[in-house]
């Protein structure tokens, strides 16, 4: 198994280099004195200062955060209820609904994007933050359902009966037993929804309107007209935030695991 | 007269057109340890669930402590269930799990604390209060599940094959433990199992359930010594069963002919000549026959000897009929191809055909 | 009581599935049979012309080109992911966990931002060319982008994690004891691979292929930005029909065509024993 160990490690390293190269590039250039993103000429924090006066970019960031937070909250709520309900109850057409839920997961995003755009146009809805949020909810819900369902399937379903048996009413059973029990699935579903929403370009491209530019759309427009280095600065800051959150959450996990191992 | 704690009155349960329980009436007394025993799929778990309310009856009535609870929802019934796979709340500590029922009943916090502490002592799990169920062994999880039920001081505790996921040794240990706790708390236990050893060793009475009906309800000893149906005789312990016909009757003696072409004399129980009977002889009821020419004598061709410590189980044939019997190893017995066996007609059980459905 | 809570649990998802999934697709289906009035409007009719138009040689070429680009992207992703996942699975469990998390991290920043990072690296006056020229390796700048290569780099880069995750999860499920048993029974490395490892990891590869191939057909922005508009994917075609030439019925027909192909691929995936929930879980 240990044959060619160095070659294998080199391969792993190269794949990671490939994955991180564009990000590292952006970070490095965010500190570059030259605004041209061509060669590194000197260190500066100028772009970080400029970033805070670039209202277009900040507005786009604000929109992105609003859309992601709202759509994540709504889709996590509906998705969690749905995963529990679909597990618990039978109804006519359940099979069909279950099949429909896979559609946003498998069809190319662009198809969902143009279908939603067509419907908004049909209903004469003005494209804006509203349609953007609805669209993000539309593609997030199935992912939340799948995440929650995975955890439900590995949960001992008798806990619900046990809770009733011990005197808990339906609501208490849901809030005190079922939700905490499937919390890992809810959290991973919400994380997934949030990530998908932050990352989405294609569906936003079709369903956003004037004044509801999100960061990806803003950057898309800027790449065509010319990007300013404060975008690099913003990207760097975002990566920093994400890395911090990741490190903190994995530290919490490690501590929790250690605590359980100690016993 | 003992007080009836749970009364089932002609309880029936259909599920998707299938009759799971076909009319069961049963009185369970206060403080009793009653076991519902039967093969899997016989309806015993369903019956238990109708008592907890987790399953609704199709018809019939259920009374707990004199009160009609047929239409009362589970959480309003003063019974608790111990589930087969424990159903512990994995996100709660041992202490929180045990206190859950009291918390739902809005018992004051300080009282919850003392009562939880009491049962933790009772199940001998001191020092484990802050652990999560996943950090416990199977036996420990079992104890916590038990504690979570008894801490509420229910009138009846329902146990649904609670030991089936434990290994042999632990199961024996927990049987003793369960019995001890039941005695100490004085709670009525209704226990479901398919394991007859478990049922016989722990219960005050056992109800044998087959195909949605109670075949017999009796003390363990009576079930073994005086089974009322072929099924019970077969299900509890080992038995040799013979079809028989009454040949002749004298005052207190009857001659009957077994299917193996052997006539034996038994006590007359108002038999009619020609009446069909089933004769049940337990393997250990056979004795070696040394005298010549006795009545009730089996001549057995032996096939296999299975040594088992203090006794040897012997498989053999009388004519075409397979039978098994036991030889105690202190008996003066050497392996033989043919042995003569006798039995006392006082010991054996004879069922009249009309006892069967 | 029971019906009330059933209603509460299920009505949101049923409304959602009907209003935001079923209805839009039915509406697209409806649109695909209409006629374009050349001003972005629709003439109500019942025509198959939009579907017939797909089989025009111009559009067939786009379909073929797009499918082959998506296919090659998928193959490249498999060729990178498979050894990568096997090498990773030979590490200690803790290290494995960290490395897989590290695969996910770039994923958490917007794909467009990362694509922009590639532009900075690849363009004529970009980082790669500057380095190559500084080292005097070549005279003129090399065209890394605005061609097929740029599109492949962009697609493989964006979709690689979708291949790595399912492949890793199937590779990590292989019981090391099975490999030992295989060696013990006299199988050589080649046979152990073809008879034991490969069959057990095929579901992961199928899963990953679906997750790479289908999006690769539609990722118009990669083709736009790294292909310089010279390379037309089906995604670009649909986008143009909706936003540029404003022929919605034709765009709708291509979309329906894509949906049909997607469903056929999913059918195939399920036939090979694939689990639908694996497609959405990461």
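All chains are identified by letter, namely A, B and C, in their written order; residue positions are counted from 1 within each chain.
The rule we apply is simple: a contact is a pair of C-beta atoms (placed from the backbone, for glycine too) under 8 Å apart; a residue touches a chain by one contact, two chains touch by 3 or more.
Nothing here was measured: the structure is a model prediction, and the numbers come from that model.
Judged by the touch criterion defined above, the protein chains link up one after another in an open path, with no loop closing it.
Geometrically, the chain at the heart of the complex, using CA-atom means, is A. Distance between chain centres (mean CA atoms), chain A to chain B: 56 Å. As a whole-number value, the distance joining the C-alpha centres of chain A and chain C reads 17 Å. The geometric centre of chain B is 60 Å away from that of chain C, both derived from CA atoms. Taken residue by residue, chain C touches two or more other chains at no position, since every residue touches fewer. Only residues 156, 158-159, 161-169, 172, 176-177, 180-181, 183, 260, 263 of chain A touch chain B when the two sit together in their complex.
Listed in rising order, the residues of chain B touching chain A in the complex are 52, 54, 73-75, 79-81, 83-92, 100-101, 104-105, 131-132, 134-135, 148, 152. For chain A in complex with chain C, the residues that touch the partner chain are 1, 8-9, 11-12, 15-16, 18-23, 25-26, 29, 36-39, 78-79, 81-82, 84-86, 88-89, 91, 97, 100-112, 114-119, 122, 134, 137-138, 141-143, 145-147, 149-150, 170, 192, 195, 198-199, 201-202, 205-206, 215-216, 219-220, 223, 227, 231, 235, 238-239, 242-243, 246, 250. For chain C in complex with chain A, the residues that touch the partner chain are 5-6, 8-10, 12-14, 16-18, 20-25, 27-28, 31, 80, 83-84, 87-88, 90, 99, 101-103, 105-121, 125-127, 130, 157, 160-161, 210, 214-215, 217-221, 225, 235, 238-239, 242-243, 248, 251-252, 255, 258-259, 262-263, 266, 276-277, 279-282.
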